[in-house]
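Just so it is clear, A, B, C, D and E label the chains in written order, and each chain counts residues from 1 on its own.
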Amino acid sequence: MFPRPIQQTSPAAQTLYKVAVPVALILWLLPLLGVALTSVRPASDLAQGNYFGWPSSVAFSNYAEVFTKSPIAGYMLNSFKVTIPTVIGAVALSCMTGFALAVYRFRSNLLVFFMFVAGNFVPFQILMVPVRDLTLNLGMYNTWYGLALFHIAFQTGFCTLFMRNFIKALPFELIEAARVEGVSEWRIFWFVVLPLMRPAIAALSVLIFTFIWNDFFWATVLTTSAETQPITAGLSSLNGQWIAQWHLVSAGSILAALPPVLMFFLMQRHFIAGLTLGAVK
Amino acid sequence: QEKRTLTYNADYDPIPLAAMEALIADFEAANPDIDVVLNNFDHEGYKTAIRNFLTADAPDLANWYAGNRMAPFVNAGQFMDVSDVWEANGLSDSLASAKASMTIDGKQWGIPYTYYQWGIYYNRDAYAAAGVDLPADGMTYDQFVANCEKFAAAGIDCLTTGTKALWPGAGIFDYMSLRTNGYEWHMDLTAGKVEWTDQKVRDVFAQWARIQPFITKNHAAIDWQDAAALLVQGKAANYVMGNFAVGVFKEGGMTNDNLGFMVFPEITPGIPRAEEAPTDTIHIPAGAKNVDDAKKFLAFMASPEAQTKWNAAQGQLPVNKNASVNTEDPFLVAGFQMLSTAEGGIAQFFDRDAPAEMAKAGMEGFQEFMVKPENLDAILERLEKVRQRVYQ
Amino acid sequence: MTAFWKANQRKLAPWLFLAPGLLMFAVYVIGPIFESMWISLYDWDGLGEARWIGTANYVELFDDDAFYTSLKNNVIWLVLYMLAVPAGLLIAIFLNQTITGIRIYKSLFFFPFVISQVVVGLMFSWFYAPDFGLFYKLIEVFTGQGIAILAEDRFVTYGIIAAGLWPQIAYVMILYLTGLNNVAPDQVEAARLDGAKGWRMLWYVILPQLRPATFIAVVVTVIGALRSFDLVSIMTDGGPFGSSRVLSFYMYEQALSEYGYRMGYGAAIAVVLFAIMMVFISGFIWKMWRDETER
Amino acid sequence: MSGVTLDRVTKRFGEAQVIHGVDLTIEHGEFCVFVGPSGCGKSTLLRMVAGLEETSDGTIRIGARDVTQVDPSERGVAMVFQTYALYPHMTVAENMGFGLKMTGHPKTEIDRKVAEAARILRLDSLLARKPKALSGGQRQRVAIGRAIVRGPEVFLFDEPLSNLDAELRVEMRVEIARLHKEIGATMIYVTHDQVEAMTLADKIVVLRSGRVEQVGRPLDLYRDPDNRFVAGFIGSPSMNFLEGTVEKAGRVLVPGLASSIDTGAALPGAGAQVVAGIRPQNLRLVEGATHRVEMTEALGGVSFVHLTGPGGEKIVVEARGDVLAEGGTMTGLAFDDADALFFAADEAGRRLR
Amino acid sequence: MSGVTLDRVTKRFGEAQVIHGVDLTIEHGEFCVFVGPSGCGKSTLLRMVAGLEETSDGTIRIGARDVTQVDPSERGVAMVFQTYALYPHMTVAENMGFGLKMTGHPKTEIDRKVAEAARILRLDSLLARKPKALSGGQRQRVAIGRAIVRGPEVFLFDEPLSNLDAELRVEMRVEIARLHKEIGATMIYVTHDQVEAMTLADKIVVLRSGRVEQVGRPLDLYRDPDNRFVAGFIGSPSMNFLEGTVEKAGRVLVPGLASSIDTGAALPGAGAQVVAGIRPQNLRLVEGATHRVEMTEALGGVSFVHLTGPGGEKIVVEARGDVLAEGGTMTGLAFDDADALFFAADEAGRRLR
């Protein structure tokens, strides 16, 4: 283990370390703490220039105000409408593509695989104009499903990389054993491989959830109105309206950050496994 | 009874939004078979959104602006010719002052329903705090600059603005230009007929440079509302702004007693005074589904009653000459007075008079100039390059 | 039919499994890449007819100051973003202990990565805000004169990069924490017997083993740097006077923003960005290809 | 009748040819073991029989049926993998019944067959467990059970015991022998392990580099190898090989053994080089001073004495008991001439009989 | 002088105590082998000597120096790991020179020492390769080379050969024996392998559950074990254990062998239960019908005959040659009474002498 376990050092060093970690954490999260604090600061504090002191009172009313005076609830709902189908769609598609690329030897296997991988790293600006056009022509511009459809397609690249590597790491004998037993390919996928992919599916789901929830670029490109915009784009336009009302901006920010943060905390193990398995393999 | 819906995409801030909702209520009361659905957008976002919804998902009505700003949509066939509405309601007469800016190829493409003056808003308390005399009519630019030095001594920003969104800087430029070289020249400039490296352009910036040091330092980092707060708090004394800002000032706690308005001071003596008054308009997109009712709504919005009511609530000036101005509001009265005596002419605004690309480059240049006046040569050369491409 | 299926099942199966995903990907990703290259040869405002102008967009690009500003900023992004790699490593090493509650600490350190860049941008805007922002105040305390980072063309890009580094460091940290977890304990022990300690242990024994993690960290950091759009858009909108633009933002600005709508020109910028990215993508693919064929 | 017949079977991976025209007949009910050095193609050959690798050339018949192009599922074979390849998400019973379920057998029949297999393998009490909750040996039994349930004509095993520890290996080896006796199906078994090969096989096939070196009953291979490779490969410790010269017909001078050997083998002409082979078990230490003792490894019951011959030849002698010949002392060497085998001195090392 | 002395050495992992006050003296230049079942604490003890595990209690001395609290790199020990633990990114030469480089030796000296070690281990031609490009045996040699280069007083080996295949193991075993002879340093060696322990050790330490069961020379342990555990652990195949009853002083009835045995061992009173032990090598099949042959495993030179005694006792007999006793037939069993050992019938199984 590196570095040398702190337990093996002097008691003084151990104490120092135990103090240093929380202090470092507070410094690290300073922007977040500041915003969290501001989100419960009454507007009057800000007006009086009390930006950093202890809030004169805890104003959860800021949150109430955000909900009642802005369409943030609608934005969040839109985010869910885009995110959940995307998670389901991308994971479903990539289970199949990943299976195909991991299990079968065929000539263009690596080519197709690298195409997915390369597509996944493309700067998405290059897709912007054509995708916007395509969505317009399909009549799905400014709808949640237009956005979700694109996300599904684009995330399939990353998910395929992830799933393929995951399946590749499964013992291939499982598939051979099933083949010898006379199981058809689709049933091998469904009964043998899919049940084993549960951890990967969980990991990818949380990961994609966060990615899509936090997407801003495509939200601005493919949606325009409060009825369809997800929270990121919504927050950006609310920011244009809440000039100098930092308590509202903060409350809105915290609200926008909440679902992925919760997701992360609930599914932490899967989340990290997802990040690193997909990446480091 | 089945109601016909009329969708209307707009970009109102809260105050005008309330006013428009009230007007819509009136309209619906008068036309019980019509249901107006108002989609309100963030003001900045709207400018992007309109491109998309016009082609993809056109509403029946859409807000926009007069002048060059509507040309791309008209040329691309996205706005509907509404000359018939003008004809039928005699608008050529009642909206005469805006007819020119609504006309392309001899047809009218929308209905103007409001405009508002620009000028300098100031905080009387700040003047008092710095011991500076309140501005009087006929004040010259030299005097204004001299005042600025006094404000600087008192630790007050003489002139404030917030250029994070770029356009507030253009207001200052327009006045510098209109006051230095006059309306005709300014219109030539925005029409691309003058080189940006021209000496006369340099003259404009030379004048601007005189007050540049007294402009709020961090203007590039803040929005115009932030700057308004500075004025409200007395940290700044003057603000070149449109009349819509009055609402914000008052919301911040200012009253008619300490908020003042003045005409932008004279720079080159003898030039006919021109002013700036952007006009807001409503259009029918080419893809509108309910054109008949949309035209009804346009006629309604052109009516003196509607314009009176909306502008009274919003604190702006109606375009319909038969509408009345709220005489309770000293700023409107002053504005009305100022505009009606502007013998030089009335400009729309830099980003409405100049084509989009030129406007963007120009406003960036203005912002840069206000931060780094020493970069002027580079800025002008850049703008000239853009001019040559845009107007070719 | 069934006979045919039986005989060719294993040949056809992969393509059937691939079909939906491949179709979606081709329509939404692969096709558009080429379409963009095509569009970049046109003058098109997105409303009317597109006009073929050949390479004129590129010619213009090479005489466009804003393009060079964006390019320069992109390079700065790339270089400074790389700081996330050593910084993430340091934090990972700092946290790679087993004291009570360390799991919570690790996840809290990871927090910034989970948060949307929009929110991160807003947080840092608040952090940098002139007159009352914490950062502004700190500078004021130390130098007597606050600096509005986001209004200073000299500093603005660095200010945004700092905001971007925050979540990126968290990401790299997680990669390294996992990497450290997988460091072969026997090699560490062998090195301890060999007398390697501290920095020398890190340099000679640990870092070489962390190479896969480092590789991925570099890849995601490069991609993150080149894709940077959200923060620029939220924090400055490219300002002041365009000095914080990056290619990805400039492209959007030209193609879709209020004063833009030059689809062809925007596409040309995107193509340049793509070309730059392609250098890295090719490197990545090359390495993957080597790994794949080695086995 | 379900013997397996390979006829000029060939396998190429791209350019590389790894199986070179193997001919082989395995009788119905026979237990056939493939042995050979690592990489010689044992697994490949087995997988070709299973249908998991395509056959590049030649014919594979099971019983009378040509199965060369037949899908694995229809060959009537079952395979047990070194890694067990149990489906981790299914219980033991589900694992065993999976193949039948997928091929649409009714549930009652599946249950019956699974119960029967579980009885044979004494897995009854484990049927509801997941593989994770089983020991290595139990997993291996389940893997075998899965093969049994389908009632195949041919069982294929690829090093089924090599992941088990020494003790369990012995136990499972006995189990497999019992199973073969009980169900009497044809079995093909790949292993690295001398003991497994010798004790389980009816027939051992020695492979080298994709070619069959010799086929035969275990003790036949031990006693009567066809060539030097087989002689060296079968038996532990390995046979000692020493250079010799033909003195005259029926007599070979072997300097390394410090003696001449009389033999009935068909030798080449006098003066020709041959290789003499003699197993460590067949050598005895006697009084004398022809060989130097390098080292003695005493294992208790048996000792291996490492000698150097007059010309520096390395020779191992297996001695009973814990004979302690001190390193450095000189000794003599005795053996029965009949125990010596002779091989051609060339690369192929053909046995001289 | 660099023997290793352990004095009441104890190791606790949290609550669990895994080493229970071990006392042990290893002389300078001695080759000491730790054996014992998996998990008995062999590796832990070795790692405590290396300094890789802290010592909870007791003292460890190397030569005269108390090193209990000394850093691993300063104990003058070198360790060879089961996994080799080579640095994959360094060449063979760099791997071997790394320790010296870390302790700041000049480059020329490092090169000289590496060249010397490479010569001893015949690695000269591989110095520029990376570990990936080496075979298992070569890697193991590099790992040993890395240890040699540092010129330690004590070498520690933790199952260094268990990742090699059978053939290579034999070769490397000989190599290590040669090395020990050549450099004469103190060596401590952990293994699972009977043969390695018996052939390499000057002294074997048998561990069980963190306690020393017996220490002694290999053949002493084989011939004269202190208790039933050691007797069963040393020797392969394992000793047969059979229940017996003391008939009278000096005579034990062992029904499993169908005979009574005369012995000089100090037995408990008549009627008491004891356990008789006899090695498979010391049993002979003779005419008779006392035992049933279950199965014969013929390995060529030697055969193992599995018998069942009259009371169902399982007995293994090692027979020379390829004696083929058919399964199911009956046989008799003979042995020298002197080869039988006796143990107390309790848990500890103390040897009765």
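Rule of thumb we're sticking to: contacts are C-beta pairs under 8 Å (C-beta built on N, C-alpha and C of every residue); 3 or more make two chains touch, one makes a residue touch a chain.
Just so it is clear, the model here is predicted, and its values are computed rather than measured.
> Is the structure still one piece when chain D is ignored, or which groups does it split into?
So the chains, chain D excluded, remain one piece.
> By number of C-beta pairs in contact, which two chains lead?
A-C
> Select the chain at the greatest separation from chain E, using centres from the mean of Cα atoms.
B
> Of all the other chains, whose mean CA position lies farthest from chain D?
Checked the centroid distances; the maximum from chain D is B.
> When the CA atoms of chain D are placed over those of chain E, what is the turn angle between 0 and 180 degrees, to the nearest 5?
Between chain D and chain E, the superposition angle is 175 degrees.
> Based only on mean CA positions, could you tell me how far chain A sits from chain C in angstrom?
Whole-Å distance between the two chain centres: 15.
> When the centre of a chain is set as the mean of its C-alpha atoms, what distance in Å lies between chain D and chain E?
Roughly 28 Å separates the two chain centres.
> Give, as an integer number of Å, the spacing between the C-alpha centres of chain E and chain C.
56
> Rounded to the nearest whole Å, what is the centre-to-centre distance of chain B and chain C, using the mean of the C-alpha atoms as each centre?
The answer is 39 Å.
> Quick check on chain C: which residues sit in contact with 2+ other chains?
Correct list: 9, 129, 205, 256.
> Taking each residue of chain E in turn, which ones touch at least two of the other chains?
Residues: none.
> Provide the list of chain B residues touching at least two other chains, using ranges where the numbers run on.
In chain B, the residues touching two or more other chains are 44, 48, 55.
> Quick one: which bits of chain D touch chain E in the complex? Just the residue numbers, please.
Touching chain E: residues 38, 174, 177, 192, 194-195, 198-199, 218-219, 222-223, 234-237, 279-281, 295, 297-302, 306, 318, 320-322, 324 of chain D.
> With touch defined as at the start, can you tell me which chain A residues reach chain B in the complex?
132, 136, 139, 141-142, 220, 224-227, 236-238, 240-241, 243-244
> Where on chain B is chain C touching in the complex?
Counting only chain B, the residues touching chain C are 44, 47-48, 51, 54-55, 72-73, 75-78, 163-166, 217-222, 351, 356-357, 359-360, 364-365, 367-368, 371-372, 382, 385, 389.
> Can you check the complex and tell me which residues of chain A touch chain C?
Those in contact with chain C are residues 1-3, 5-7, 17-18, 21-22, 24-25, 28-32, 34-35, 38, 49, 51-52, 93-94, 96-97, 99-101, 103-104, 106, 109-110, 112, 114-119, 121-132, 134, 149-150, 152-154, 156-157, 160, 184-186, 189, 210, 213-214, 216-217, 220-221, 231-232, 235-236, 239, 246, 249-250, 253, 256-257, 260-261, 263-265, 268, 272, 275-276, 279-280.
> Which residues of chain B touch chain A in the complex?
Its residues touching chain A are 9, 13, 39-45, 48-49, 52-53, 55-57, 223, 225-226, 229.
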